[in-house]
Structure formats: C-alpha cells, structure tokens
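Please find the structures below.
Next come two complexes, and both contain chain A; in the first it sits with chain B, in the second with chain C.
Let's turn to the complex of A and B:
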C-alpha cells in the first residue's frame, strides 16, 4: 500500500512541476491497463463465444428449450424449510412478489422429494426451496419440474426490502425484465438460463422493473430495480426488493435425483484465477 | 433368597461396581435394572426373583429370573418376546408375572410404555428426514465472504445494469414505449434538410417496425444471456436508430400544442420562411411527444393506484421529472430544426406552460 502511495505522490509532484515550468510531461508510453482477476482469468475450455452454432443447437434441445420457445408459462412454487423464522418468511414473500406466477407454500416437514412430486402433479414448472439456518435464509434449491435439472445455491447476504429501506409494497405486479450478466462458460450459461426461466418470458416493459443476475467471479449477485430513462445516455435505477448473492454448490440432472453434473469441491478452488461460471 | 439381604448389605454399604452416586441420586448401571436407580427393590443383584423389560434392536423382551436359577448365571434369565401390539404386550406381562409382587408388574408395564414411546419417536424421526448438519470450516467461510466483497466491488453492478438497459434501449426492445431521439443534441444545421425528408418517410416505416417488436423481444431474451459488459456502438446503429424517431399520429391535442407552438414561434421570430414548412411536422412531432407523455402519465397514475400512498415519494418525484425531461426534449427538437440553440430561453418559456392533462 505504501508503495502505491509513494508512486501517487511522485506522480502528482511531477505533474505540478511540469505545470509550473510549462514543460510537457515526459511520455511514459501508452496507458497501462491494470491487471484484474477478470483479465487474468484462467482460460476455461468451456468458455462460450457469442455466435456458436454448436451452442445454439445444444440449447435447442436442452431442458430449457421449451421455455425459450415460449411453450409454457413458468409457474413457480416457493417453499422453505420447516418452521421458518421471520426473516425467511419475509424473504419468501418478497420473492413471491417479485417472481410473477409464483406461489408461497409453507412446508410442514414433508420431504423434498415429496414436495417435488406434489408440485409436479399440480402443474408447477419450478420449485424454489429456501433453506434456513440460524434464522436466516442460507441456501436455495432450484428444481425445474418436468424432470428438469436441480441446482443448489448458497445464499449469502440476504437483504429483505426493509433492510435496504424500501417498502416491499413498491414491488408492482408487472412482469419484470431479466438481465443475466457475465455468464461466460457453458455451465454458467446453463445456470443463467435456469435462473432466467423462473420469470415470465414476456416482460411488461411499461412496468420498468428489472431483475438482474450478475455473475462476478462465481458469485451471482441478484438485484431488483425500477429504472427510468432520462435520455438515451442515462438511466436512473431505484433499487427495490430483496437483494442476495448466490453461490452455486452443485447441479444435478433430474428433479432432485440423478447424477451430479457439477459439484463444487474444495479442490477446485486451488487457483485464485479459476472460475467456473 | 436368604442371601439377598447379605448381598444388599455388602453392595450398598461397601462397594458395588454398578453404582453411580451423584449429588441428588444414586443410579445403577446394571443393564438388567428395572428402574435404573440403586434401591433395595430394584437391585438385580440383590433380588433373586426379578423381572425386567428390555429392548434389543427394536424388539422388546420380558426378562424373568427366579430364585432357583440364580445359581446358574448363564441360565438365569428367561426371555419372553413381547407382542408388537401394546395391549397384548401388557397382557403378556401380566400373565407371566401373575403371582409376583405388584411392584414388578407395575414397573415392567411402565418400562414397556416408555420403550414403545421412544421407539415410535425414533421411527418418526427417520421417516421425516432429519436435517443434515454439515460442519463448516471457518477458514473457508471467512475467505468466501472476503472474496464476495471484492467481487461485488469489481462487479460495479449499477454500471453494468445501466449499460445493459441502455443497450436494450438502443437495440429497440422498448420501441413503442420510449421515444428518445437518439441524436437529439447532435443534429447540426447542415443535416437539417436530411432530417426533414426522413421525417416524412416515418409513418410507413413505423407501421412495419411495430409488427416486429414481439420478435425483437424474443430475440433479445435469447441474447441477454450472453450479455457482455462492453459493446461498441457503431455509427450504423445510430443511423438506424435515427429512423426510429417517430412522427406518429397526426392527431393534435388541443391547448398544449398551441402553446408550444406559440412559445416556439416567440423565440424564432426571424425565420418566417421556415415556419410554414416546418409547422406541420413540428405539430406532428409535438403531438407525438404529448401522446407519449400522456401514455406515460397514465402508467404512472396506474402504478400509484397500485402502490400505497405513503411510499410514493420516489415514484412521484420521478414521474414529473420524466415528463419535464420529455417536454424539454420536444421543445429542444423544435429549436434544433430551426438551427438555433436557444435552449435557455425555451426552458423559461416552458415553465409557463399549463400542465399536461391526464386523460382517463
């Protein structure tokens, strides 16, 4: 830290001197772009390019293909673990408000498998089970229903509306837009589609709501805003609604059964520059 | 039988390896003990006629010992398997201990009840699916938390979201809703004539565009997944966007347009020549602006109907600001076409305008 302080100080001194004497600053070459973890990220074999034919073909046949062809409207069932506390309850209610076509159900000690089965019978397309630990939501299980994939995310820093000083009633019933940022690898893309498929495919733009899932270094930040365009160069964002971070733990084929497509292991985190999403 | 008292005397007063003394009670750790306490009556070593109920791997047995068998330690305990039906098991106990002291029958029954209760509880717990308790490593937790903070800073979420939204605006997903002229403030005097001709072409093009909007949205949904943080805006994009400037319906809303017109005229007295030719288009563009404003206000009105009155502060602030911004745009556009940049004056004039009516 001291080194950079000194460097900064020297720089400023040079600049001042140059100004005083009217001498142009010596040219130190082109401006150096600082290294960041993003720029130094280890190249992953599964990183996805934009226009990949193979990718589009695969996506046309995977579990979420039917969502993107607008074959169905997503219907989401939201539950939590047994006997939720206040914060988890509020969290779930806010998620319900946010996700159109969702319904909260309080689970009374039924096993996950039976929840999944019953939801499938009632025609739900997705199940979201929020797990609670120490009075705070700490994990989210996303199950896509007609035999779809399951993903377990750990939730960190969950903030309900009240904690960001917003009223949950501000969440209108308009269908929100979804932004899925920065999902680079195949796995990342799959997860992004999974999360996006929870929301209705047809957003109501006049509602001006946007839900963002932004991936940065394997942490998926979720934010919910209302936006207003001032002009074509400026948007104003007004944050509303819950805020949390998701960390993918595992991804499983099949609705809470089947092989694990991907599992987070501590051995995977050996390199500081290696990310999976 | 005779040695029972002797045995008890030795065990209680001297030493018993099964005895466990605590401050309030003495316990007996002998597995055949009926009550678990160290008493004259419950001690299995000091009573040659003894009975207990014990469970082994979920099956409940009645153990009986008589005075004759005490001297054969291997053969001393008689094991009777009790029925799984609780009532029948009670009966079995009573049958087997028919002429025994009441104490043993009583205690055996009580013990049977307790055992069945805890077995059913164990079964229920197993069926319910016990929560798996996973130990966390504090080191990893701290590390992930720190990394998350850093990732959050690196993410610069607001910027990223704003960029995405602006990109979508430019790509035309919000076509019918917003009506920003993308080059509002970049128009020069030279390009004036170009713009005028473009405006005349608008109506036909616009119809064509509207049909495509849904598909645009669909395509946008596909593309949004791989959104990148930086996209270059090509000049070609700007040009295509310029085509999206709507002239729109030629219905004129009554008072407002006239006032705007007057204001515009008041400013640009000098250019009488241009006035007439530009009138129609200005009216049209103005009216379109007005329509949009009204449309937007309707939405805001609807929205505030949905929301609670108490917390409308932000929205209400937003709404009039939006309107004002749009109005400024409308007026500014008028000026620009005349080739004069008298923005400040326009704003002053604008403030005297009546508020836009909210149509029901």
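Let's turn to the complex of A and C:
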C-alpha cells in the first residue's frame, strides 16, 4: 500500500515540476506489461501447435471423432450419489435443463460400473455422475459411453440459479453454443473436446444461449449466459443458470476402467508456474 | 561431427496407438525423432500393439497390429519391408517374436502360432480364461514361451510340444474372506537364473515363480493401489525387476532382498500409465514409454530422470538396441529437436563430466553383483559411438 502511494506521489511531483519548468516529461520507454502467472507459465512441450498432422489424424480416429462428424446426437445421463440433498438435487435438475438431450436419474446405491453398463445398454452416449459431500456437489465424473474415456473433475464453488438471484425457469430449451477457451496443451484439448461433446453439435443461435468453459491456470470456469448484441462490437451478457468451477483430477481411457492417461499427483506440482491444461 | 550413417541410426523404436512407428536417435550431440509412417494413411485398426526385434543383429523390427497384420521394418534401409495379414482367432496381436527366423505371434483370443512354411504350429494358450494379455519368449531358449491373461494364469509352453503346457501356475490361497483371488496377468519377465519367472497382474500383485520348485508362486505381494501394467528385468542383477503401474509409478524391486515388497527405488515423473519398460543391456538406463505420450529414460540406480521426450501420440510399446554406448551420449543439457524429414539439428552447449563420477559411486553401493563392464564405460566420447 505504502509503496504505491509513494510511487503515485513521486509521479505527481515529477509532473508538476515538468509543468513548472516547461520541460517535457522524460520518456520512460513503452508501457511495461506486468507479469502474470499466465505470462510466466512454464514452457510446456505438449502445447498444441497449429498444423500438426499427427494431432489431426489422432483426432480423426479417436473416441470423439464420430461426434464431430455429426454421426450421433449426444444423449446424456445425469446422476448423483445416493440420497442427494437439496442443493445437489437442484444442481442436477439445472444441469439437465442446460444440457440438451439429458435426463436425470436418481441413483439408489447402484455401483458406477453398473450405471455405466446399463446406460450403454439404453443407448446413452455420456454419463455424468455428480458426487456430493457435506450437502454440496463436489465432484463430477464424465464417462463417454461406448468404451470411451472417463474424467473426474472436482467441482468447486457450485452455485445454483437461486444463489445468483436467477430463476432456473429462465433457461430456455434452445440448444446452446459452447465456447471452450484457453485449452492449450494436448491434454487440455482432449478435455475440451470431451466437455464440448456433451452438448448437441448444432446450436440454435435463435435462442442466444452460450455455455462457456474457460480454462485459466488449470481451473475450468463454467458460465452460462444469454447474450444480446447491441451493435457489431458490444454484447450484453445476462448470466443464467448454474455456475461452477472444474478441476481435472484424472483422465482414464476406458469407461471407468483401464489405464490412466493422466493423473494429478503431488510430485507434479513442481512450481507455481506449471499448468497442465 | 558424426558421420552420416551414424546420424541416421536409431537406438529406440516406439509403436504408437495411432499406428505410427517412431524412431529415436539418442546421441551425445542431439536427439532426433522420426515418424516412419505416412500419418494420413493410418487408422485405429493399424495400431501397433506388439513390437520386437526380428533378429540378434537388430536389423529388423517386427510389429504386430490391431487388425492382425505383421509389418517388418528394416533398420538399415529405414523402410517397411513387408506386411502380412494373418488370421487366427480374433483380436489384436498381443505379442510377436522370432524363432530361428520364423515369426511367432500371439493373439488376444489365445492362439499362439509359429508360422512355419512347412505347416504352422499352433498353441491354444487360453484354457478357461477370458483373453490373453501377454506372451513372452524365453530369451535363453527360443522355443519356450510364457503366456498369461485375464483369468488365465502363467503357463509355459514348448513349441516342439504344443499340446500341453510344460508348466501351469497354481493360484494363491484364498484370501482372509475365503474368496478366490482373481487372476489377470498383465506382463511376464524371465529372470536370468533360468528358473524364475516374474509376473505382474492387474490386481496389484507382483509374483515370482520358481519353475523347478513348485507351481504356486514362491513370492506374491501387492504393489500400490492400482493395476500393474509392465515388468522388465535388468540384465545385471538376476533378482532386480522393474514394475510399472497404470497410474504412472515405476518401482525397482529386488526379490532376494530382505523385504522384497518395498521397492528399492521408485521412479517418478510419469503422469500416465506405464505401458512398456526396456532396460538398456549395456548401460544402467531404463527406457519407459507411457500413455501420457512421453518416452523417458531413468538411471537405474540413482533414479534420476535423465531424458524425457514428447512423442505426440499415445505410446504402446518399445524396443531398444542392446549395445549402444549411450552413457556418454545421453544428452543432459540439450536443445530441443523436433523433426520429421529434415535433419534440423541444434547442438547442445556444454558437456558435464562431473556427473559420471557420481554415477559410478552410486552404482557400487546399490547393486551387489559387481559388473566390471559398466565401470569401463567411463571414457571420453569417441567417434565410434553407436554400434
């Protein structure tokens, strides 16, 4: 506090002095951009480059390739842990409203493997299991069904519509657009595809709904807005719907079985400037 | 500067899930990686699921693919020499090998076939199991083969007598709840005392079988909380073994130690499952390939991660040359090289000779069996490097 006060005072003094004497202020060079944790981020070898043939080939043949070729419409099954409390129930119902083609089912002590198996039999393409701890949703397991990858996310700061003074009834039935921001590494790109594939590939722009997954420092912020363009440059955003943050814990190939493609371990936190997504 | 031929010699070959064969050339000055495939022509069915050297001189790399094709890559010519489709059973080729120049394949549904011109020899290795996970050839006698899979315990087969296994392992005792312990063999390793076989399972076990003594494992313990995926022996110590897990841990175990359950050393740095481990025969380095798209080289005894290379695709399996003078050549500080066809090279700036002395001391402490070969290798880098 004191440092910035001194700096401000010095600046004002210099300016006054320069005005008095009629000399121009000394040029201190171009304005320096302050360092942030993002700008000082450790260089990551796995950052995706633009024209990477191998990457495109892998994406053309991986588990989500058929989504991007519009071969199927995603059908999502939403469950939570047994005996959910009020907030988790509302969370699930709002997620259902938000994700087109989703259905909530109450899970009565069925094991995850059983849920996955039954969902596959009933033709679902993805399963979302929200875990609850201390009456609040704290984790989300995303399983892509036909033997697809599984990811566990930790949910932090979940807010249902009521907590941000909104009405869940404002969420219309139009299919939303999905924005995936700032997923730079190979792992990040895969996770982005995974999250994007939960939503229908054909958004209804008429509905002006947007779901944003914004990655910053490995925290994926989820926001749900309705937008209106005032003119070509300015947009008005009206936040609707649930708000939460996801942190990736692990990514497993296989529907809740198989080897782990990535697992967060404490030894991987070598520095504050190292991020994985 | 190295001569042109040395430049193009690859020490390590890796098979990826996308079907690409990658060659890595580690030498003192730079590191080169190369994709040997035309990437666009590949699909998931051409995933390389098994890889092996074709012969003792390491001039041929055999690859087994998911769609039951065998491809052969010639390392001198640096080109794919032949491709051959086989059809036995179902499922991808799980392991591949050579017996007197004849190809030996193992398929997931349990058929092990020796493709002789005169008539193929086939073994049904599955028994009552669900599928076959691994087949390994005994490095000391080519005709003997070990197999294991899901609910199919370790079996040893002699290719001259394909009808009946020469050794069938027995399961351990029931656990304290009187429940049968499930079996899912993920990898097998032959120890160099010619009577012991080490096995890892996806139910967290590491087991040691003494063939001449009994059918049950002489040693069986659990490692970690997750499935074990790969195992490999070191060539110097007959009782040392590397085990990799599905969350990305690798441990060095000593079966003859006081407490074999505790790994001598844990190897860190992996973010994903360890898929394949190969120990360099002449140097104390262990190469590992994992699902998080990295090739890693650790020092066996100090546990230090010496080298890590991003390979872009998920990696399945690898082979490494036996005799490579890599110690003095593993780059410690090096400039990054990425290349596909052009041989763009950046030289590294300094060599660190101090490290070599420290490594020697660590070795002497760790391994009981003194190998004089490894000590002789500390010499300044000469021109006659690879092979």
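Keep in mind that, in the parts below, the second predicted complex is superposed on the first by the 264 of 277 C-alpha atoms of A that agree within 3 Å, B and C clash if a C-alpha of one lies under 4 Å from a C-alpha of the other, contacts with A are read in each partner's own complex, and residues count from 1 in each chain.
The criterion applied here is as follows: a residue touches a chain if its C-beta (ideal position, glycine included) is under 8 Å from a C-beta of that chain, and two chains touch if they have at least 3 such contacts.
Quick caveat, the model's predicted, so the values are computed rather than measured.
After superposition onto chain A, the modelled positions of chain B and chain C are compatible, with room for both.
Shared-chain residue A:54: touches chain C; no touch with chain B.
Of the two partners chain B and chain C, more residues of chain A are touched by B.
With both structures placed on the common chain, the touch criterion links A:111 to chain B but leaves chain C unconnected.
Of the two partner chains, neither chain B nor chain C is touched by A:163.
Of the two partner chains, chain C is the only one touched by A:253; chain B is not.
Residue contacts after overlaying the shared chain place A:19 against neither chain B nor chain C. Look at A:230: by the touch rule set out above, it reaches chain B but stays clear of chain C. The minimum CA-CA separation between chain B and chain C in the overlaid arrangement is 7 Å, rounded to the whole angstrom.
Touching chain A in their complex are the following residues of chain C: 17-18, 20, 35, 39-40, 42-44, 226-227, 229, 246-248, 268-269, 271-273, 275, 291-293, 310, 312-314, 336. Looking at the complex, you find that chain A touches chain C at residues 45-46, 52-55, 57-58, 61, 186, 250, 253, 258-263, 265, 267-268, 276.
Residues 36-38, 48, 50, 68, 70, 81, 109, 111-112, 156-157, 167, 169-170, 172-173, 177-183, 189, 192-193, 196, 201-203, 205-207, 210, 212, 214, 216-219, 221, 223, 225, 227-238, 245, 247, 266 of chain A touch chain B in their complex.
The touching residues of chain B, when paired with chain A in their complex, are 128-129, 131, 140, 144-145, 147-148, 150-152, 154-155, 157-158, 160-162, 164-166, 168-170, 173-174, 177-178, 180, 182, 184, 217-218, 221-222, 224-229, 299, 303, 306-308, 310-311, 314-315, 318, 322, 325, 329.
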